[in-house]
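Chain lettering (A, B, C and D) follows the sequence in which the chains are written, and residue indices restart at 1 in each chain.
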């Protein structure tokens, strides 16, 4: 189980990474490598060129200001997990990270790599989507911002042009007062069968704003706009009644292991659990 | 075929080097080029953990890191846990005492994961030990003796550092 | 005993470990030879197809490629011959049951080797393998064993008259009378799913052929070096001494390494043709495709019972999926049959087991062999009896259990040779009673009610088993005292991690009184000892252990006789103490074994003392007349998340009797490892094939092995009833944990969800199955199977549903 | 796996049938397809599909196995093998044409068999179906474009099939989707996404 041969490139700066990407045919970008290298080993992916971003300056690191947290695409998952400041300012991301793979994969795995690999059940694209994060891509024509809602073009297909790389992701901190994250996987660290992420803002005992999304139910993470609309203005104690009906029409994609019916059921259960946690935390949150 | 490239790095405290194709992952480089065969390959797709080594202080899957990416890094393998002529390290001794290995194939990966855990989280409890080990598969032992060995060592180290 | 701290029964640390813990193990892939080249196989991507042609032109032209062999490139003598069957038996009815070293004109499962590519590195060999163009005519495949014998079923092999591999039938008692007089007849359908061995080290081999002598050496990660040598020599038309098979350190076996594989033969033929040593190391995808797996077994059962739960008779009809070929034989279904009654005695039994071929990966014994499926069927039946009659599950088992004073006990079953199955000794009832105490069986109902009041679903399940171990025919050992005083033990008993070297050393230490560190073991080299069988069926402690004891005793007697003659003292006046023969009562007067060995090794010009054969050594073979029978009971406590279907296995109590324990530490290692293997079978390990026979579970992200977060707390208790069938009184324990665990886990989940009337008839149990049984899924009923899930998926994605 | 797709062509059945039998013309509407001239009824060619991180190129042949003018049914058999040894695909496509208001309704039944590494991924099963649906949708869109007269100068580029899969699911779910996501486009046409998809 050895990779097919490829030419290895280790650019030192962003512009050479971008120009390599634009000029080399059948090239793949290597970030943390925890998803790409298995595909190389198993020869599912067989690029002619591999462009390693690990030595590109300025792609890793976390910048936290009053209203936002900006995370470099090449920031390792373990570094995010170990940041107490991040855990305080972005508890949803921290909570999701604890479900991402295993200690050995988080040592190398990056937030950007996970966002670009875009496994349908992956945690980080899910929290990016529910948080209305903003992704920044760099290409030959400079940088552009992409709202998380427009990031996933489909199954494992991020909204990147062939000559663009992801450089950072920005989470807006305003108004995310309570969060909830629940996923169901058979074993610790496995891909979730279904995952649910929720952000709640309360106005007294009423839901001022709700954001909810699911992973593992389709080719990409799914934002639950209709549910969010239905929750607006609801009594916090009665949100459970809204969730079931709002998800009744969900038609998840089945795989060889778990059926659509079961995933729909899990979606409701996990959404309810995440919602309950989010409301609980919102109640405790300082006003 | 792509050409071999020169790779220099530090392994178990010694400067080492060799040549490998870019497609060669670190585990094959350690095993074939440096002849350090204690690092094993169980699945080669990043799940079983048998190839776990410590790179720049972090446990990583050596089958998911290209050798060329490890150039200039500090790598610790199972061969680095005890001097050849010296006594076993505390984790190794605990494994032996608890019968935490049978065929021994997954053992180097287990040891490296736990060595990293003990360094990063000296106060880890049983749940944290199990979570750390969840990235290492073993078909022989049923894990219980491995978990017990790890807890023995963590406790002993805490005791000795307390005094 | 001579040596309470290190002899028989002492929980000593393993002498194997120091090397392994330092990364000093020498597994197959760690071996290097001058001029070594590396192989990769081109494998069938179809479950059933005619091979129209293989074009290796492009592959052969790739730089770094030494050769590409198809079946046509092998000598006619080999091309014409199919693989031997490792252990053929009479019940086999199919004319063709094995494959060729490389496919000739037909492939019968995904992964069957079609060509072997040899190159400077494994990576290049894989590059070239991708360039080999095989043209196939795809043929219909048989993928459901339950349909394999249907008249309209396609043929697994185009030329075969049907898909039957063999058939077993067993009968005792008056079955008609048993059913005629029954208070109730309970019907069941039960299924056990195919899983895999999944040793962390895959298979692998290096073949080398000596230029002039033509002697073949095969280093292979096998459980059966001597058996592989026998078949390899026979296939090549060589005498056994012209073939050497060596098993280096082996990274786990669990059954699938107990086969003589086509890949091993192909490597030898390639090495012969090239005149260079060739290495092949199985990668994990190959392990999923081409290493033998467990079986699917499906059973229908009628159980005739009295009102008190006594089983009057059982009618059972089963189907065993052999996969595409019988690489071993029919040992797995045979074991299911002869083990069927387990620890229970019934009035009558009528059993039939059809063994069928499918176009799926071949099946063969994996840890537990056929036993876990017999156990699952019987234990499901016991729970069904309890449920139907409103009796306690433990009480039903106790009611039907063989009493502890009934041994030796004839079960009514017979071997294929017609020999009655007779349990040597046992303590099933004692184990069950002790288990119920340990697990707090009586008080659990109260705990369960309390838990439910707080919204938690906990359940307790149990199962009882018998394990036949120490299976015939024999194993052997040579014990030799070297001039240094070190004792060398040689045996054919290859180890895959069980700790053979340690228990052999303990036995030697018991007999000769030498320290463990002074005993070295060489096993698994066919040149080291002329005859052997190998490691399977929990047989080594019994067969090889007894051989080591016999040989060591012969060495002891010879040493004492020699010393007696040498110092002029009657043998009765001498004894062995700490590696020396000493005069009773005068320990100062002693003669070290090393000295005796030196005398008996002789020196030029000095005659050896008259009456003594040279060398202080002995070789003994211990032939076992019949297996030993271990027994025990397991209880498992689970907690079920009724909203997600998640099952957490919290506690496991295991009370067992494997006869006299050579080393409790190692016995517990075997038990816990086996139990966790059983947990995987019960809840996690699902090997999915699609309806074309394409395996869909080919990586560890999808095929789920138990991990450190999935295992419960263990509470083990040993009861020791010596076996009457070997001098050590030992029995097998390697598979005890695996046999009853699936049944106990399923029973526990049923118990946790009994308020919903949940009943389960198969394993592995997915969370979806669990939820379906609670009726919590919108559309309740039997959980859909993987293939139905795919149907559901296809309709869910049916474009018309959009309109 | 058996796949059912139905679509309509803005041609009367007679013409639609002749169009579908014109393999070289039809081939220019198959996303990522390249076709060589027929040799005694067998067309050799290749179809490129991007499956998330996988770039597959299935090279093989296709034959028009049956064509029943009267019943307006046709059977096309195709098979291809990935250039990098990752497996192969076999498809038997049965077209049945019927008339709806002077347009043609085509019921397409495909018996698709994937083999080898590409098929051996259980988590991908459901999405394969989505891709097939998307593939047909894009094919139909191209066919309609050709019928409308704007014949593509060159064969259409390999579309990133998976990158469109979701669009199809959305389209399929129609209003249901709108109800869930409030972003769905009722009756949204996958083809519309096809043009907007990256690569």
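Everything below uses one rule, namely that contacts are C-beta pairs under 8 Å (C-beta built on N, C-alpha and C of every residue); 3 or more make two chains touch, one makes a residue touch a chain.
As the structure is a prediction and not an experimental result, all values here were calculated from the model.
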Exercise for the section: Looking only at C-beta pairs in contact, point me to the busier pair out of C-D and B-C. Expected result: B-C
Problem - Gap in Å, rounded to a whole number, between the CA centres of chain D and chain C - result: 48
Fill in the blank from the handout: Rounded to the nearest Å, the gap separating the Cα centres of chain B and chain C is 29
Problem - Computed distance of Cα centres, chain D from chain A, in Å - result: 31
Practice task
Go ahead and note the Å separation of the Cα centroids belonging to chain A and chain C.
Solution key: 43
Problem - Shared-contact residues (touching 2 or more other chains) in chain A - result: 1-5, 42-43, 187-189, 191, 251, 253-257
Practice task
Enumerate the residues of chain D that touch no fewer than two other chains.
Solution key: 84-85, 117, 121-123, 125-126, 129-130, 169, 173
Handout entry: Multi-partner residues of chain C (at least 2 other chains)
Key = 123, 127, 130, 283-285, 688, 690, 696-697, 699, 701-702, 706-707, 709, 786, 790, 793, 796-797
Practice task
Just spell out which pairs of chains touch, all of them.
Solution key: A-B, A-C, A-D, B-C, C-D
Problem - Residue ranges of chain A in contact with chain C within the complex - result: 1-5, 42-43, 184, 186-191, 251-262, 264-266, 269-270
Handout entry: Of chain C, residues touching chain D in the complex
Key = 45-46, 110, 129-133, 138, 285, 688, 690-692, 694-699, 701-702, 786, 790, 793-794, 796-803
Completion exercise
The answer for chain D against chain C in the complex is residues 1-7, 81, 84-85, 87-88, 90, 113-117, 119-123, 125-126, 129-130, 133, 136-137, 168-169, 171-174
Exercise for the section: Flag every residue of chain D that touches chain A in the complex, lowest number first. Expected result: 52-55, 84-86, 117, 121-127, 129-131, 160, 162-167, 169, 173, 176, 178-183, 197-199
Completion exercise
The residues of chain C that touch chain A in their complex are 121-123, 126-127, 130, 283-285, 643-646, 684, 686, 688, 690, 696-697, 699, 701-702, 704, 706-707, 709-710, 766-768, 771, 776-779, 784, 786, 788-790, 792-793, 796-797
